[in-house]
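First subunit A sits with subunit B, and in the next complex the same chain sits with subunit C.
Let's look at the complex of A and B:
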């Protein structure tokens, strides 16, 4: 059974959500306006100087680092999310399914600070891993998986995994058994069925999940701050440093606009790729 | 007990409130324990404390508030007082209402054109690993030693200690510390040696304890009063005996021009920070140098090499020209971040 809503009713029901989004759109507008302000600490006049000031090797490195870490973290999260999504949809025990769902959701439920300190307790210089390796006589001085890009990647993958799993779960549930049975009855092996039938049908869901995870990771702030030891200058950190202590609001706004723009480009490319590949499948 | 409080009888400021902004680290905690709390008990006033990371953040907060500040009193590094005074955001406390000021070394009574009242001396040198160094390092050049690869920490860009580090590098290269271009070129060589920036002093302590760090600076021993007493477990040592000198900065107490609170309680609080007992307690708790010449300290604290008393400053102490530092601060913070991150 499906519930059909007229356009006017749908609009009426959506009104609270639209109103809730308005302040965000307003904030985006002011960030844009600040980014072209003639004064660094207040909105006054017009200038593209805040953007020109960002044309430095340092900011270029920060953009590149942000894109690279967000991309790698997205790739890793997706590789882990696909089997998890299949497992979740194939579990017959309701208890097991709910338990696994809660475990996957935990990174969304737990405070980021708590998660970061969890990593420090595990992988920090006096953490479980280093203590164990030391007590076994394997190392003399601690090995470092935190306070560098590795630490930030671990944190990004962990925190974004649930965002990857659940859209894929929806796509997996949407795959008709008839397609798989037809492939099987025509003699296709399990792997052939997976790559020629399952993956193409999953593709829109995969691209959708990857887009959300990428956008989430590209705008990360707490994880690079806590697990990067202030050495991994992703754009979130660079923007924060411009606001305090430099008080360069227009520069921070310009950097924020660049982050939004770059993320949008990646999302649009992802959507285009999903559409193109879907059209191929349909043909 | 300060004279202003004694003179006014018991609980003279009962019912009044004072909004204090101070640091979020252990030095801020010491202010709450050794200044704010006993002040409340002595006067009946209530101190509402807010704590933040660094002087730069305090400056940013006060600038953002403009003519509607949330705070009555702020303790911060000298350069912050000079910048805010330059912005016209500070009031000049009435020195006649600060009787304890008479006991303060005349060099450290006021600053920032009378807008800052001396508070304590913040001193910075090198922090080192006692396992790695049999003797304390004698030069900042130790940080450039190839064996420190990935075992070095530096202060974060937002701290005034980062400005000291730039100065120290310049002096190490033979300049007077203001030779910033040379210093930044030299600092760039450290980029791949840095394990972390010391934004979290507790984390730095943990890294020394686990033998993950060899050396770092310019950094204040003030964070490590307990660790420095027990180097066998903490692996931590600190030294001011450095060829290029150590850094001493007079911290100030300032009062925003349009503060929300009462003048009496503000002056009573500032005077209380200068009390001989309070200064002694703060010196012992966080190794800050007392500026009250009669500061009451234990024999151990008097003999401590980590608490610099005004009479010990001598030629080795590098005291910045605050106007110069205020002038270059933003540029140097940006360059420090861009050079090392």
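Let's look at the complex of A and C:
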């Protein structure tokens, strides 16, 4: 008797999971259908009016702000993620490696409210940073870092850092030491080896990590809500405002579709950029 | 000579810059949690820094919040914590329950189907949470059904599926078909072979998946922010209502409990999947 998986048995085994993911697929379809609805509060007829209504300077500024903050946060996260990945792969002690992994991973998993409390305590008008600077006599009035773009940026970098570090760690593990040894034995300095050997070898991993981080940051909601106040209108917040005070559901759905679309374009562009630059290296 | 990405000696500015940036990263990751922990031990009524004296009074306050029943605000924190736990446990059981058979089917089945299915079950990971929250809200409002905690459970299950499936799949990948054949040749039915041989071998991966689902659901804020109602509300939502008013130290003490629970669970997952899979 064979225990080969028959088609019907495979289907029966997959069915519960397919049912579990069905509401998600339904939600994806629903948001698309709502975005082309003729009525703002229910699905009826077809219209591109929800999209046309978004062509305002206000929403345009929100898109621009989202792209800008997501881009800067991604850049900052990448600049710190590469050294962290090096450190993580270089630690000899098992305990140190585990502790560092947990320190980096925690911000992604821990309740965002706890982290927002932390930032409020750190950066608030009577927070750690301001009291320290004031007692040292460096500043007289508190500097405002919270409820503006700086606070949001810090929060975004913190929460997206793990998404950058872990993919880079796996590409760092894939680098063969021979390349580095060759570069070093030919007399290249550490910096030169880094930029001419390590970075090109890591490039696919770097682009992959940066894309994930960017997509995550562009669709951020909790961080701008908690650390940006009303002033930093990233797209996530703008979409929420369409629903909550305005009840413009089809508009929110259309704005959501635009957010997905914009993110997809950036991801495709990044994949294209990764391919172009790696082709150049081979020649 | 051994050459490393991070030279252990020498290296001049290169080593200095790499270490400096890594330290910045560690500080950005950990400072908020550290400050919350320090301030929760403050003896003062406000959250001014540095705390003038240390005490455990806010921890006493948290315990009092959970044990006394009269005050209205205390009632809601107990309710929302219980809801959070209930939702997280239901999400954990359902997501793992559906992922074990799927992982088996994918590991033993057609590789072409496997690729497609893996992609399908990764989608919730890359889909913006805000939009997911709004979409589920629109569905719930359109259907006008009163489904209690399932309002939150259903989106959470979708959210944790990618993590749970990945853990179950990596647990399956180490189990060769020969062990099942051995069981069947000794007279077990194929289903019995799966139940008695394969599933016990998947145990570590299944446990890791269970814990992952528990942590993610318990800490989830964005989708719940759209889905919660007066009757069905979770702990993160209760904590959000506290940020709107001024921060009081008892909330920080409560945060420390959450931090400790999360760290313990992550350490557990890390131990369970040590060496066999990465966390992502």
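Keep this in mind: the second predicted complex is superposed on the first by the 250 of 283 C-alpha atoms of A that agree within 3 Å, B and C clash if a C-alpha of one lies under 4 Å from a C-alpha of the other, contacts with A are read in each partner's own complex, and residues count from 1 in each chain.
Note that in this section a residue touches a chain if its C-beta (ideal position, glycine included) is under 8 Å from a C-beta of that chain, and two chains touch if they have at least 3 such contacts.
The structure displayed is predicted, hence computed values, not measured ones.
Judged by the touch definition given at the top, the superposed model places A:126 against both subunit B and subunit C. In the superposition on chain A, A:198 makes contact with subunit C only, not with subunit B.
Within the superposed three-chain model, A:95 lies out of touch with both subunit B and subunit C [touch as defined at top].
Comparing subunit B with subunit C, the partner in contact with more residues of subunit A is C.
Of the two partner chains placed by the overlay, only subunit B lies in contact with A:141; subunit C stays clear of it. With both structures placed on the common chain, the touch criterion links A:231 to subunit B but leaves subunit C unconnected.
126, 243 are the residues of subunit A that lie in the contact sets of both subunit B and subunit C, per the superposition on chain A.
Note for the complex: subunit B touches subunit A at residues 54, 56-57, 59-60, 63-64, 150, 156-158, 194-197, 199, 206-207, 209-212, 330, 333-334, 337-338, 341.
Every residue of subunit A that touches subunit B in the complex is listed here, in rising order: 41, 56-58, 124-126, 130, 141-142, 144, 147, 229-231, 233, 241, 243-247. In the complex of the two chains, the subunit C residues touching subunit A come out as 1-8, 11-15, 17-22, 24-26, 28-36, 39, 47-50, 94-95, 97-99, 101-102, 104-106, 108-110, 113, 117, 120-121, 123-124, 126-139, 142, 154-155, 157-158, 161, 165, 177, 180-181, 184, 190, 193, 215-216, 218-219, 221-222, 225-226, 235-236, 239-240, 243, 247, 251-252, 255, 258-259, 262-263, 266-267, 270, 278-280. The touching residues of subunit A, counted against subunit C in their complex, run 1, 3, 5, 9-14, 16-17, 19-21, 23-24, 26-28, 30-31, 34, 42-43, 79-84, 86-87, 89-90, 98, 100-107, 109-122, 126-128, 131-132, 154, 157-158, 161-163, 165-167, 169-170, 172, 175, 177, 180-181, 183-185, 189-191, 193-194, 198, 212, 215, 218-219, 221-222, 225-226, 236, 239-240, 243, 249, 252-253, 256, 259-260, 263.
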